[in-house]
Amino acid sequence: MDFALDARTIELRERLTAFMDEHIYPIEPTYWEQLEAQPGRWSPPPVIEPAKRAARDRGLWNLFHPGEEGAGLTNLQYAPLCEVLGRSLHIAPVATNCAAPDTGNMEVLSMFGTPEQKAQWLQPLLEGRIRSAFAMTEPHVASSDATNIETSIVRDGDEYVINGRKWYISGAMNPEATVLIVMGKTDPSADRHQQQSMVLVPRDTPGVDIRRGMKVFGYDDRDHGGHAEIDFVDVRVPVSNLIGEEGGGFAIAQARLGPGRIHHCMRLIGIAERSLELMVERAASRVAFGRPLSDQGVIRDWIAESRVRIEQLRLLTFKAAWLMDTVGNKGAHTEIQAIKIAAPSTVEWIVDKAVQVHGAGGLSQDFPVAEWYAQVRTLRFADGPDEVHKNALARHEIRRMSTRG
Amino acid sequence: MDFALDARTIELRERLTAFMDEHIYPIEPTYWEQLEAQPGRWSPPPVIEPAKRAARDRGLWNLFHPGEEGAGLTNLQYAPLCEVLGRSLHIAPVATNCAAPDTGNMEVLSMFGTPEQKAQWLQPLLEGRIRSAFAMTEPHVASSDATNIETSIVRDGDEYVINGRKWYISGAMNPEATVLIVMGKTDPSADRHQQQSMVLVPRDTPGVDIRRGMKVFGYDDRDHGGHAEIDFVDVRVPVSNLIGEEGGGFAIAQARLGPGRIHHCMRLIGIAERSLELMVERAASRVAFGRPLSDQGVIRDWIAESRVRIEQLRLLTFKAAWLMDTVGNKGAHTEIQAIKIAAPSTVEWIVDKAVQVHGAGGLSQDFPVAEWYAQVRTLRFADGPDEVHKNALARHEIRRMSTRG
Amino acid sequence: MDFALDARTIELRERLTAFMDEHIYPIEPTYWEQLEAQPGRWSPPPVIEPAKRAARDRGLWNLFHPGEEGAGLTNLQYAPLCEVLGRSLHIAPVATNCAAPDTGNMEVLSMFGTPEQKAQWLQPLLEGRIRSAFAMTEPHVASSDATNIETSIVRDGDEYVINGRKWYISGAMNPEATVLIVMGKTDPSADRHQQQSMVLVPRDTPGVDIRRGMKVFGYDDRDHGGHAEIDFVDVRVPVSNLIGEEGGGFAIAQARLGPGRIHHCMRLIGIAERSLELMVERAASRVAFGRPLSDQGVIRDWIAESRVRIEQLRLLTFKAAWLMDTVGNKGAHTEIQAIKIAAPSTVEWIVDKAVQVHGAGGLSQDFPVAEWYAQVRTLRFADGPDEVHKNALARHEIRRMSTRG
Amino acid sequence: MDFALDARTIELRERLTAFMDEHIYPIEPTYWEQLEAQPGRWSPPPVIEPAKRAARDRGLWNLFHPGEEGAGLTNLQYAPLCEVLGRSLHIAPVATNCAAPDTGNMEVLSMFGTPEQKAQWLQPLLEGRIRSAFAMTEPHVASSDATNIETSIVRDGDEYVINGRKWYISGAMNPEATVLIVMGKTDPSADRHQQQSMVLVPRDTPGVDIRRGMKVFGYDDRDHGGHAEIDFVDVRVPVSNLIGEEGGGFAIAQARLGPGRIHHCMRLIGIAERSLELMVERAASRVAFGRPLSDQGVIRDWIAESRVRIEQLRLLTFKAAWLMDTVGNKGAHTEIQAIKIAAPSTVEWIVDKAVQVHGAGGLSQDFPVAEWYAQVRTLRFADGPDEVHKNALARHEIRRMSTRG
């Protein structure tokens, strides 16, 4: 066992940290000002562009991508970099072309796309010329159970006809998100996990009705293309837009999840670290009843607990990444589930304390912590609520123990 | 000991419940639509007006006010009504002229105002013709410690000259909030709690610079006049605008707090009850993995815990109200502090579970729970953070026990 | 609504408090010394006797009993007295003949006993001449589900024949506990709640095999007659020993529970109050790193939280008692369940903090807090685990809301 | 980074697991029976002896010891073995001569002992012929602050004279614990951390008054030599019994702590794993209301949370061990503190749930979980309460961040 990062990761992390110091943190105020000044915009403000160029110039582009088209890093190598990106959640991932949902979509296309699909969609995504969305969640059902999906994908000759409603489709309000990966049912009578398929749907296909941007607390996240509610009304795409095979949708979704969860968790850890820094900084600089807040026992308790929890969470996420690299998705199953359970609630706790130390400012637009809270909170049910994952992990644990005895 | 409500309270609660059923719940969708349709508006949308008229017609106006100008209810009688109002937090309190911060301001003017001040400000407030704001919190200091206040109020002949910056001044973005009660220091060298004074400042006084609306999570609360950041630059008001005496600001603030805390807590309990209803309704109507959510043990645990916590919290708040009515502010001190500590965290826990049961919808604009979460969260530090209150309550407990032994 | 105690309760509480000060607290050290000195004894040490006499002399005997044979108090009147008794948990309830399980057994005999049963068992119990036990829990099944009970009660002519194993039968190691109320099944094929019956079994009946004393953590509670494991092997009692009717066991058990739960909860509140006192006292008298512990923020947080939680819990318990008095067991159902859920975990939290403030001493025999912890901990599953009660309360809540809408 | 154990550790763990299966788990029932049958005994019952021989024969002796006299393992190599030992907490560590406080005492003598001290005490300890104790905690002061220590060690010619009272001196009731390491003050006027010294005191030295065994909850832990309260009254030992230098006591105590904390934490993790196994086994085998407990959502939640927390805690403990091996005590400081904070509360939570799933049995002598709870609970203040460690960790974190900025 060895807890040291390898040389390449250390070097990349240093380079990435320098990039953050020079190109990301300094543009944060401008980023929000520009966004505020352009109310109708559903994409990042212009100040992102020089940062994107700088990232490409420095070889900090597509770091997430394990293949030749990207940095070729293992999950374990990318994880600490992903944490650094999470520290400036709205800007750094986009600036380095490492932002969700594009990352997962690129992985899907890499693994399951036809050469034509790759040429048409993967290539421009890898170059950061277009964005994309992933349309799975539906408003009328508990989407954590994939058999609940109501969107239909019906073959009609050489076309698929799609009908259904999706919501919280992140990024899809952005007109630059020119392609949507849509999950629906091609065969509701098949086995539980063979009913679903995924098809590529250009955003401007007739019948794709982008109805409105859903909010997260009061935020519309419009710099990230928001979270669209979309009606699909007799939407027709050629059968060549199918990803993989008919009935393969559930399996593809599962394959997409593994790295995605590590990315989510590491970004959350980045948020947690920066929240802790802000908490300490604020506590050290505010005085109440004759002492800085940082001298007060309860706040010290929060600081200590935050450190203790972050350290544990990061190690478990690293281990999940290492398992994915060494024994694959299946072998990493328990750990992937464990971090999906642990990370949102742990980081939510920490960000909540950072909010509290900031008082009214903590919920305001002047500090990032309230907005982080909102982001973190969504992850307690995005990709399935905590309760579903805990139930599954427990079932697995019960089965494992009973077969062992 | 007797846990039954008295006849008048029961009658008023029935009348108020009927009013809610007829005039408040039905207009909720329209309220939000109208608000959405008027982006620049910092006051309630027009649909509030018929509701206000209906409330006056039914004698459901100024229920909060203990004196002749209002309903003349005791704190204990008003408390259950206040809970009902809290169920439609944005609409019902305003519709009945029972909304903060006007309620506290009217109480201050009733108790400490001169006849002229009452005529000029209290009367139109009681009639719901104007709104008001209370300017205490400052961005640069921990305002829970009143000695930290930096805003100065300096006498210059027959005028006071006010300089300083306030923020999170709820309601002050609304041009109809024609008067601000401003807390500042008239004598920084006086004893700790004699340094502060309160003055009435018309919102249109030269030097009053309403800079921007502060947000709570992503919400701007503009239907409630938002939460203004205000610069006071050489603002001059006549000395007759002083409320009470010079150096009396801290004492007035304390007097203002007692009933206000009961109101806050009862409204929170209204939120908690309605959150629990929404939680149960949603859980009963959603199916995952073959069973309604309401059959799942963890969700039942939340429902039971919510009920158990609400019942305890409500009784303690009633008791605090009863003590205020029977032995006054001082005698109710521990209980007032106790509900200030207990209510926000208890209700936050419940609303969080309601959010979780709603999945993505729980954070959206389609259900009220996310917005309630934001409101509740602010009360963990509004009027002083939990930590300050706990510290004070504990100090009092330690002293009480050591003197008794 | 009125939160003041009535005059009789106040007078009794004063009298009881004086009794505690004169006869109970002073004998606590001797009580434990005498017990330590008599290893084989399964009953209170001799020092209890003068306290019992004093209690009788002062009219502080059978306070729990609502009928003419006792003090004739309502549940609401007895509740605050029960709290006082809980402050010296091992001594005061026994000294006043208000100790479980005798109290519940006396209530059962009062309500359901025949004149002969009353003469033989109730009378000596009321006089404190004998003790008793209640044999329901079984080692091999989850006893919270009464249909799981395996002990059989089979009629054979004029006798019932009892076979089965019970454990954690509190008090039954004490030879003075001359009678056991045994719950078993007379008709396993009947409806769910008609299968069980209760019979009176003299402890010295052939076939009653008191196997051993079960422990609670390391404690054997031998001053209270311990917690016996008992085998019933072809135990024969006359059919006249049946309590109530055949098949009535479940209903009797339910009737027994209501007041018992209020007693349990009030005693726990007594423990909580005294734990808080000990916590404050210890914190004020210990110095670490230059300051008394009571100046440290985290410990103040515990003190404040303890006070806030106790106040809420006590009010809810009072309300449950008041409901039992005014609308009966059924009408008080939710509140009875709520206090059963709330009290053990709330008081456990407080006692745990008292332990922590005492350091190593907190787990030792030199302070009562560790032993209280053990007692409180058992109540998280005695009379059914928290989880069962929460599930039931939630089901009730769900049904109530769905029928209302 | 690499999360795989090395070959030697894997081989040893397999060997140790086989040893547990053959020699430890099977003797557990006999162990407790023999102990029960010998009330006055303050040492392990005879059945331990063949297990000790088997451990030596298999090379599973002194595994903890990093030097030539032991297994020569790194902290990281020993950690997973220590976890396995913790699974049978009362038996396995003693059987392998890896039990506290002997382990820490042997380390102290190895590092700081003179050749004579080593010959006289270290050698027989390594051979398991004698036991030992470590006398630091005092009843009258908060011992977490070393400057509070009241025991005096005064030089008088060629002797030290010791006066003071200690308590919770684990193992010292056992007559085989022939030597005590006593911490006291040789110079109360020196710098904070130069006042203390350590001396070796044979247990039979005149003036060593072993007063009584202190309890933990109701347990006396007599198989482990209990927890003695000891008076030192003019106890005289030769100056050659000083360990290290005068004034070096605090530094030696600190050096002793590092590995000890890893051992404590890993043993706790062993307890947690076995508690989880027992929880699952019990839940799978008990039926209530028609379903096995393991189908109930709340219990599944506990199982999942237990797994998630154990995985995180183990990794952090491994990392702390790795840091100690690679950068030493100082470099591992934060992580050592973090596991001291995290492990007791985490494992306490898990054991508590295991207790709850076992119902009454969970607190009984029939299952190990209640006794584990007691052991784990002590570690929330042994070696300093959580609150002291959190405060220190937070101070360090605040300082680190302020110097970096």
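Should a chain be cited, it is by its letter among A, B, C and D, assigned in written order, with residues numbered from 1 in that chain.
Note that in this section a residue touches a chain if its C-beta (ideal position, glycine included) is under 8 Å from a C-beta of that chain, and two chains touch if they have at least 3 such contacts.
Quick caveat, the model's predicted, so the values are computed rather than measured.
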>> Please tell me whether B-C or B-D has the greater number of C-beta pairs in contact.
In response: B-C
> For chain C, which other chain has the most distant CA centre?
Replying inline: A
>> Using Cα averages as centroids, what's the distance between chain A and chain B in whole Å?
In response: 37
> Distance-wise, how many Å sit between the C-alpha centres of chain B and chain C, to the nearest whole number?
Replying inline: 43
> Using mean CA coordinates as chain centres, what's the chain B-chain D distance in Å?
Replying inline: 53
> Going by the touch rule set out above, which residues of chain C reach two or more other chains?
Replying inline: 296-301, 387, 390
> In the complex of these two chains, what residues of chain C are touching chain D?
Replying inline: 137, 139, 141-145, 148, 167-168, 214-220, 286-289, 293, 296, 298-299, 355-356, 359-366, 370-371, 373-374, 377-378, 380-382, 385-388, 390
> Any idea which chain B residues touch chain D in the complex?
Replying inline: 296-301
> Which residues of chain A touch chain D in their complex?
Replying inline: 1-6, 76, 276-277, 280-281, 283-284, 294, 297, 299-301, 303-305, 307-308, 311-313, 315-316, 318-319, 322-323, 334-335, 338, 341-342, 387, 389-391, 393-395, 397-398, 401-402, 405
